[in-house]
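You will see chain A twice below: alongside chain B first, and alongside chain C after that.
On to the complex of A and B.
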């Protein structure tokens, strides 16, 4: 795609004929260099670290190609593995349920407020992810407005909390990644030609049928992109569990953090990072195969 | 060592007026008054952000390489030294530079022992300059450095004030007789609680885990403090060799309190915020934190050492073997072991002062602070605080793993 586009552009630029064949590579170079320095090299390092074993002193490891590290690491943390994917799945489903109507309303029903609404979706990004999560901890805290109000009307008891629960972690994940779901959904909904929906109506489809047969299938690229953009970071997240969770709702990100900084067991941390990456890749590949990606990009 | 950055705003006013009064007091020697007036509104300037630290970090980049030349390079934790109005100069340190002519480059670069250690350890291993002549790490990391031979002897000729170190701190297992290290500040581990919620206070682990506190108890993520207090509750002397079984009993106790829903979270320094906003009513925490929180909130919080025993740990001055400034570094330690200087710094830092005579010196700076058991624990208080013993490499890994597992982190 990019290559063809570049070719077309260069055809129009008459003065650059001689170097035409080089230009695509030159344009790709910054990205490739960036990736090799900041992605490929660290990944190789991480891979090398993951098979090392302790060398007698804390922080010292030697390369022994011990692939058993992966099995040990998985067995020690399978609970958090399972939890990470469970929470990420729940958050993705919740985010989809919230974001779809939102994106639909912005795309089709907002009229002149469209831009304001879009800015409101993006606005949380002006504040740091960490601060927003800490803010939720205050809002939902023991003496915060929500718990006080719910207790006053006896919806929850005096000993029931909202924070320091799995519920708070999933809610935090949903909130934090909601814009990543909303924007791709909006982009693909907005692209739908309204005449297709009118045509469905002309052919005697009711609103629901139109949505099911026309709007939803045409918005699938947005659904696929949004779920991926939500699920992948949510599965690897550790801030929400660290701030909003309790010891029984920690995720894999917290495990990796603990191995790196507290236990100083770099090989286990590296092995877990790799397994998380692999697990996400496998799931995503499977998902994309099922959902199709023709219109994804 | 803990970082109090988020609590500094509220305390500045009350402390400022107190310091203003002191600055106007004629009975105080002019030298000390000068130091005090320089400290005024130091926290207002800081405004809860590590502004000074950032500025210092930037400043320290300029002459980072080449062994530091004539400078004595000191790596310390943020907000761990008295800071002046301008937010960038440190009155006691400035006075030291004026007195001795030793130029000091002060860098607030230590936020976490492991984080600081990770990049410098390979350099120490290769005997290459790490960029600092004096560092201030916590006991257990100090022990690791001592074990690995990364420390050089203090220049005792330049350190006559060494005699001022508190007796209880003179013989840690990692450095008997303090040949290579000197305590910078002491940190007490014990119980903190909200007096409005728990008017009766907390003296024992059983009271900490009283049914009424269920789900509102937090413990610090520093293994040696949390497990150290539980171990003592179980009758184990943490300063003497204890067995792995004994340690694991304490871990089991903690795991039980988590699965029963008593412990809300195992947290780093931000347990202070949870006490403040009501998410926690009782904690295993650190004296300096609770002391400041109480000061900011009209005494709403209190701290006590467990009846079965609390913990005391320290951050230590030490000289990496890669430094060529042992004499200058020892001179700086000597200066901070001067009782007046120690008291002046303690009025800002609020942690346990390791210097004999500082309490008397504090009388003329702030008589109220001089009475504080948090800064100047009495002999009977000190006898109830224990230093967690050294751990072997194998123990360090297996204990820390068990602690992280109990905390739900792995």
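On to the complex of A and C.
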């Protein structure tokens, strides 16, 4: 009798186990199928399009496996390529410089106002991305308060502008992606046990040494995640350059957009998109090696 | 001397934080202020205070059609992305299975791909398949890019749960399904709500991908972008400001509910 009972239980356990091994796949299936059809497959299509050549009418292309497209596309837009990565790097560094002390202050110095301050960090998300960027254009623009004030005290001349410059584009990029930097930084700083910092102090480390040897290394996952989350969208962005820049501050996104919608040259646009993605993925892989995907996502 | 230094450094970071918040809020305050501007169609310079933009936010041509479209797309995408993403988050957060790291990679990749590449690749596929772009293609795209953000948000919540709560339920003879319905799901619910809010705001605010997949239809961001050339009407600021206050109210109510729940539990 007892033996039978045990038999039953193990069967049930076995059943459960089998059941359990199938459940995760059932949970994953719908979402992953969606991502495969509408993310992986389009990316493959993009790759296929990048080696096509024009066939007669505008907007029609045939597959000729012309890898020369990549070289042509790169040579035609290498300045914008360089600019995209330069502006994105500058914006990432600036965002880190602004966000790190801010995240630090929220994590360690805010007391009971912590939640309110966190809401304030994500407040820009509550208004439209485009409206914010246009607001910067008007604030920094010819008739805006900043230029008028600077001209009144003769810091800049009457002919110097702020908008339609790389400076304005980088300002816009920094601003728009700042929450992506602040939140992961905050998350990793908040996880640090304050006693580790106290211990450093007890061992006669001064504030700077404590920061350099304890706080900063412990917050590195946040730094890595934040820089990635800022750099990736900034490198692919073209809204800031379109609204705040001029033709001389165009980024790769502007070029891809133009090849798609104005020139209707899909292969070149696809080749540029692919190169942008490849360049970014190489950077991401480099970072993932340091931090691990599980920690990043 | 040392204490003075310490005081200064302590407050230096507060001053720094204050300046950072000023920077964060300048364009938001500007946007809200100019929703009250009597500036006519272009709304470029301050012409005086008025409430008429708020009284009639649909006065600018097409703006309310655009807003309605954005709400429709946002709500539909949010529902689907939240369901699909939450299922994945449970699989990742509660089960050990083969293919875990490739799943993580597939979730991470859309977030690591610039929006313009996502948009361009989708349009390439739709053109290749001869599909007409419009609302359906846009909703498909929005669900795709929102899934990853939902997974990340819900997974974080699941990971922060105390597994002993579920064990306790099982010890009290709840079966797996009952444990899930009565214990796990209510505990994860705030995370799912946060993920849904995030998905909606990402979808509602998206311009780059939408511009590729929407064809000739219009959304609120597309309306703002296309009118930016000749000046954005103040009604757009009204809608932007209203969205800001609604989102703020939702977040504050959420925070209050969460802290009430916390004090109830302790």
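To be clear about the criterion, the second predicted complex is superposed on the first by the 268 of 297 C-alpha atoms of A that agree within 3 Å, B and C clash if a C-alpha of one lies under 4 Å from a C-alpha of the other, contacts with A are read in each partner's own complex, and residues count from 1 in each chain.
In this text, a contact is a pair of C-beta atoms (placed from the backbone, for glycine too) under 8 Å apart; a residue touches a chain by one contact, two chains touch by 3 or more.
Since the structure is predicted, the reported quantities are computational estimates derived from the model, not experimental observations.
**Q** What's your read, chain B or chain C touching more residues of chain A?
**A** Between chain B and chain C, C touches the greater number of residues in chain A.
**Q** Is A:35 touching anything from chain B or chain C once the two structures are fitted on A? First, second, both or neither.
**A** A:35 contacts chain C only, not chain B.
**Q** Should A:265 be classified as contacting the first partner (chain B), the second (chain C), both, or neither?
**A** A:265 contacts chain B only, not chain C.
**Q** Looking at the overlay, does A:138 come into contact with chain B only (first), chain C only (second), both, or neither?
**A** The answer is both, since A:138 touches chain B and chain C.
**Q** Looking at A:76 after the superposition, I want to know if it touches chain B, chain C, both of them or none. Which is it: first, second, both, neither?
**A** In the superposition, A:76 contacts chain B only.
**Q** Identify the partner contact of A:166: answer first if only chain B is touched, second if only chain C is, both if each is, neither if none is.
**A** Neither partner.
**Q** Which chain A residues lie in the overlap of the chain B contact set and the chain C contact set?
**A** In the superposed arrangement, which is not itself an observed complex, chain A uses residues 138, 143, 257 for both chain B and chain C.
**Q** Considering only the defined contacts, which chain A positions touch chain B in the complex?
**A** 54, 56-59, 76-77, 80, 137-138, 141-144, 159, 161, 163-164, 245-250, 254-255, 257-259, 261-265
**Q** For the complex, which residues does chain B have touching chain A?
**A** 112, 114-115, 117-118, 121, 144, 148, 214-216, 221, 258-259, 263-266, 277-279, 393, 396-397, 400-401, 403-404, 406-410
**Q** For the complex, give me every residue of chain A touching chain C.
**A** 20-21, 23-25, 27-28, 30-32, 34-36, 38-43, 45-46, 49, 98-99, 101-102, 104-106, 109, 115, 117, 119-136, 138-139, 143, 175, 178, 207, 228-229, 232-233, 235-239, 243, 253, 256-257, 260, 266, 269-270, 273-274, 276-277, 280-281, 284, 293-294, 296-297
**Q** Show which residues of chain C lie in contact with chain A when the two form their complex.
**A** 6, 9-10, 13-14, 16-17, 20-21, 23-28, 30-31, 34, 44-45, 83-85, 87-88, 90-91, 94-97, 101, 103-118, 120-125, 127-128, 140-141, 143-144, 147-148, 151-152, 155, 201, 205, 207-208, 211-212, 220-221, 224-225, 228, 232, 236-237, 240-241, 243-244, 247-248, 251-252, 255, 259
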